[in-house]
Amino acid sequence: MTDAILDPERLPRLPVGPTARRGLGWWGVWCLVATEGALFAYLLFSYFYFAVQFDKGWLPNGEVPSMRLALPDTIVLILSSVALVFGDRGVRRGRRGENLAGIGAAFILGVIFVVVQYFEWSAKNFSARTDSYGSLYFTVTGFHMAHVVAGLGVLATVFVWSLLGYFSPRRSAPVLIASVYWHFVDVVWLFVFATFYLSPYLMW
Amino acid sequence: MPNDGTPLSYLHGFGVKAYPVTALTWGLLILSIAVCIIIAVLVLGAIFRRRRPPADVAPASIPPERGSTGASWIVIGVGISTVALLGSLVWTVVVLAAINGPPSKPGLTIEVTGQQWWWKARYLSNDPSRILTTANEFHIPTGVPVRVRLIGADVIHSFWVPALAGKTDTIPGQTNVTWIEADRPGRYEGQCTEYCGVEHGRMQFYVIAETPAEFRTWVDAQLKPAAPPPTPDLARGEKAFVFHCGACHTVRGTKAGGTVAPDLTHLMSRKTIASGALPNNIGTLSGWIANPQALKPGTLMPTLYLSGPELTDIRSYLATLN
Amino acid sequence: MSSTANFDRSDIERVPEVAPIERAPRGFLERVWETAPGVAGFFSSVDHKEIGKRYIVTAFVFLALGGVEAAIMRLQLAGPNRHVLTPEQYDQLFSTHGITMIFLYALPILSGFSNFLWPLMFGSRDMAFPRLNALSYWVFVASGIFIYAGFAIGAGPNDGWFNYVPLASRPFNPGMNEDFYALGMIFLGVSTTVGAANFIVTLFRTRAPGMSLDRLPIMAWGTLTASAANLIVIPCVSLAFFLLWMDRQFDTHFFDVSSNGQPLLWQHLFWFFGHPWVYAIVLPAMAMVSEGLPTFCRRPLVGYPVVALSTVATMLIGFGVWVHHMFATGLPNLPLAVFSGASFIITVPSAVAVFAWIATIWLGRPVITTAFLFFAGTIGLFVIGGVSGFMTASVPVDWQLTDTYFVVAHIHYVLIGINVFPVCGGLYYWFPKMTGRMMDERLGKWNFWVMFIGFNLAFLPMHWTGLRGMPRRVYTYADAMGWDTLNLITTIGSYVFAVGFLLLIVNALKSLRSGRIAGPNPWGAATLEWATPSPPPPYNFAVIPQVASRHPLWEAELTPSVARSDVTRGLVLDHGKETIGTTPLDAVPNIILKMPGDSFAPLILTIGMSAFFAGLLVHLWWLAGAGAVVMLIALLTWLWPERELAERAGAAND
């Protein structure tokens, strides 16, 4: 905290308009991450609020859900984030090919995630109406899915903008912002996965 | 009646569970009032401390001054407040521990079910023939801790008889347990205190404390089934009652066995009907049976559109259920 | 809109020009920053001053509606066994009254003041996200209408503002009452959340150079704290309402006991939000008192650093007390004791504020204007509300007090005492800045005393009513309970209070037309908003000020020998619609921000959202889908990179 007054005459050259982390969009997307992250915290709290009141019989068929589809799906989503890291790096280094390939691969892997998740949902022998576990499972994974779909929309938009040549190494904030959001969706999935597929082993 | 004129007041409590709480309530209340007075004096003192500037002076005409930091104000004020708060916290925890459980093993357990908009009570007993079901007016023996198990049947209600104890909710899906004890006879009023729908405001109940001997007499009388009606008119009334009312109400000794509404076997032993909404006399009883929606709109008892003679018959029969 | 930029290097990066204020191109700045005239401008404005004033007016409309609801309720409760209202009508009235006051008035009014004031206080030209600002207003209006639509057709919320299940579930509440409320609240949550994000980013990134965090106007700390908390807790209540809506429409089993549902989950989710929320609606108002009282005491606030810290501390502890709303639900003793303790401790930071205020008056030279009366009155009412809260913190006492009129007295003392009274003070204080005219001081004194007397006449006896056992949310009560006279006094007091409120409105309207013209700084106050004309021009500051202390306009008197703030010379930022962006802690300029002009996107997005929620409400899925499509289009239009906002790479190798 300085007591000296800032001399306006001695300011350096300042960027005009948003650049990566100095623009306001960077702060805006972190606010979004904070609020949406809190939402998932409450969803997972609700799961544990139920889980501590029941025994293993609360789980469908009394068994821990199988990871047969969920684990590969998790890996798909992680790979999608990795791809997007390249996409972001590409635009910051002015490498258009890396940029487009990264965003495109992230998008495709995201679509695969959605498809696999859909199969996982279909394979369940309970619905959201069956009991509280069913309601929770489909609501939590449903919220996550909604965020993934929104993320796919974001990726597609950023891909189109990249294609149209809107970005340069300096002017690449939207790609970085999209990455923050997409990585957030990935991290949320890790927590959701740990809650539904791993925590039962610890609890019962 | 205890607290005559203010039957739901808890500024004067009765019974071992109430006394520590009443003391704490008064203690915190007096402390609170003192704080308000002190702060008011300080604020007024602060405003009128200096010679007041002439009226209509513009604030802009008085140059601002840095003045002293005023740190001591905050330190002293917050320091005193903290001491008072910690003291209150300690007292609170002590009282909480004191009333946590009854001083001795409960001599009686009542299962109270709160439902829209009346109270059911089931007196538990190891002997199945001495399990008593009644509604809205519960007797308890003085000097005996009574365990109350609270069942939620539909929505959340709250069981509160202020002169004896604080409130505890009845919540569907769980059984809350509390206890009460009266140290002197009396008729203690209670009311539901968790918003539960349209007639939340008229869901009173009464806890009548009496000596253990009187209590035993009451239980014995309540356990008896209704006597068969002595006259043909009353027999007709019983038949009409069973037909129209038996699906919901129970009168032991008849074929009326419904459980979704209050047990009426000893209806006339109660001073009120409709969960404390109305006094129990011929007029209100007739009015209630004829048109419950007019007297307690939204009540779950339907209006049956009985004919005059049917109504009289049923009411006459009910009047015999002492 | 700004002229097409000459595409040269200065549009990629440049040293921002400095000039004395006389040489600033005011005509150009005015053209660039002003909202378009007429209806088009009304619906597309992104000017924070416009939006702030709209928030204030709209919030006052809801306050009046809530007041009318209360007035009708008080007629029903003026005596025992009255039949002014049916029980069903009463239930909808008390529920809508609570919802209106707590959600549609209490936070929006504070958002309105903060919206108008923050860029002016920070020496900036607008909020960080002007279009998002407009969106938060339009969504507020749309969601308020959505909730009231139910009330208007006789299907208003009827389970209180806290809406417990199972009573809110479909078996016990088959009508649409709860669906209006549930969806309306999720809808409103969008407004509050984006508003919170806007405040946070504005505070951290768009202050005048030199305005380090310890030089922030104290009012900013209140809204900042509230906004940070809202960002975290609004999803909690939105989720609760969403789960309820799911249970009601699709037979899920979150709350219904028959299939392993848990009714208490509702209470945890609701109160984890609800308790921080009640601090969110008083801390900014307390900060308004902290801001205005020193002006009328002609000295800086006593203990600025501890007051700022205590604001944050109150909110932090406020996250840890929510179970005190659930003391009667049958919890074990350990959590009861812990939450009771936390509820006692939270009084400590509030005490800091109270003593800071008293000390400021005591050690200052108070001038008794109407604004001062409201601010000083707040102190007394705050303490009454605080001690009644303190009493409910004690679990065994709360087991008697909770759900009686004692709590109703408490909540009205804290809400009216720590929100409405500061707001009235704030209105008298900042009305000259917003409108260029002073409010009438004589009428103001009447306004204050009628409100103060009416309020205390209505609510002070209510403590006694509660101690005598009158439960809450009852549409009537029997005679011979000892409540008759007290209720009558409360009813009379509430009408006196209503008259006082009318005097406020009369004063505001009259002063708009014929109040004394105000200069830039009629009160001789210290902060930057008073360095602009009254009302400020669309661009706020012709040159961005330099800030050297907490009291830029008082430095001549307070610190004559030290380096001074400067409002007469600074950054011009006239290459379009621009303002300065700074580092978060020390406010060192690090970016020139290009601000958007008028836009219809926020309004269209709101219309799409309204269609979306309306479709969900009546199960018209195509309508919801159409609404979602409109939202998508509006969002894409909004976010599409624009050359004028320097969001797009240009031809000149950037």
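Each chain carries a letter (A, B and C) given by its place in the written order, and its residues are counted from 1.
Going forward, a residue touches a chain if its C-beta (ideal position, glycine included) is under 8 Å from a C-beta of that chain, and two chains touch if they have at least 3 such contacts.
What you are looking at is a predicted structure, and each value in this text was computed from that prediction instead of being measured.
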Would you identify the shape of the chain contact graph, picking one of line, ring, star, complete or other? line
Of the pairs B-C and A-C, which shows more C-beta pairs in contact? B-C
Distance from the mean Cα position of chain B to that of chain A, given in whole angstrom: 51
Approximate Å spacing (C-alpha centroids) for the pair chain B, chain C: 38
Distance from chain C to chain A - Cα centre to Cα centre, in angstrom: 31
Mark out which residues of chain A touch at least two other chains, giving numbers and ranges. none
Where chain C touches two or more other chains at once, the residues are 261-262
Touching chain B in the complex, chain C uses residues 86-88, 91, 159-160, 164, 166-167, 172, 257, 261-264, 295-296, 298-300, 302-303, 306, 328-330, 333, 336-337, 340-341, 344-345, 347-348, 351-352, 354-356, 358-369, 376, 379-380, 383-384, 387-388, 390-391, 393-404, 441, 467-477, 480-482, 521-524, 526, 551, 554, 557-559
Within their complex, state which residues of chain C touch chain A. 10-16, 18, 128-129, 132, 193, 196-197, 200-201, 204-206, 209-210, 212-214, 231-236, 238-239, 243, 246-247, 250-254, 259-262, 265, 268-269, 272, 546-548, 562-566, 569-571, 575, 578, 581, 585-594, 632, 636, 639, 641, 645-649, 653-654
Write out the stretch or stretches of chain A touching chain C in their complex. 1-6, 8-9, 11-19, 22-24, 27-28, 31-32, 34-36, 38-39, 42-43, 46, 49-50, 53-54, 58, 128-136, 139, 153, 157, 161, 165-168, 170-171, 173-174
Note which residues of chain B are touching chain C in the complex, please. 5-11, 20-21, 24-25, 28-29, 31-33, 35-36, 39-40, 42-43, 45-47, 49-50, 52-53, 56-71, 73-74, 76-78, 81-82, 85-86, 88-89, 91-93, 95-97, 99-100, 116, 150, 154-156, 158, 160, 162, 165-169, 171-174, 176-177, 191-202, 297-298
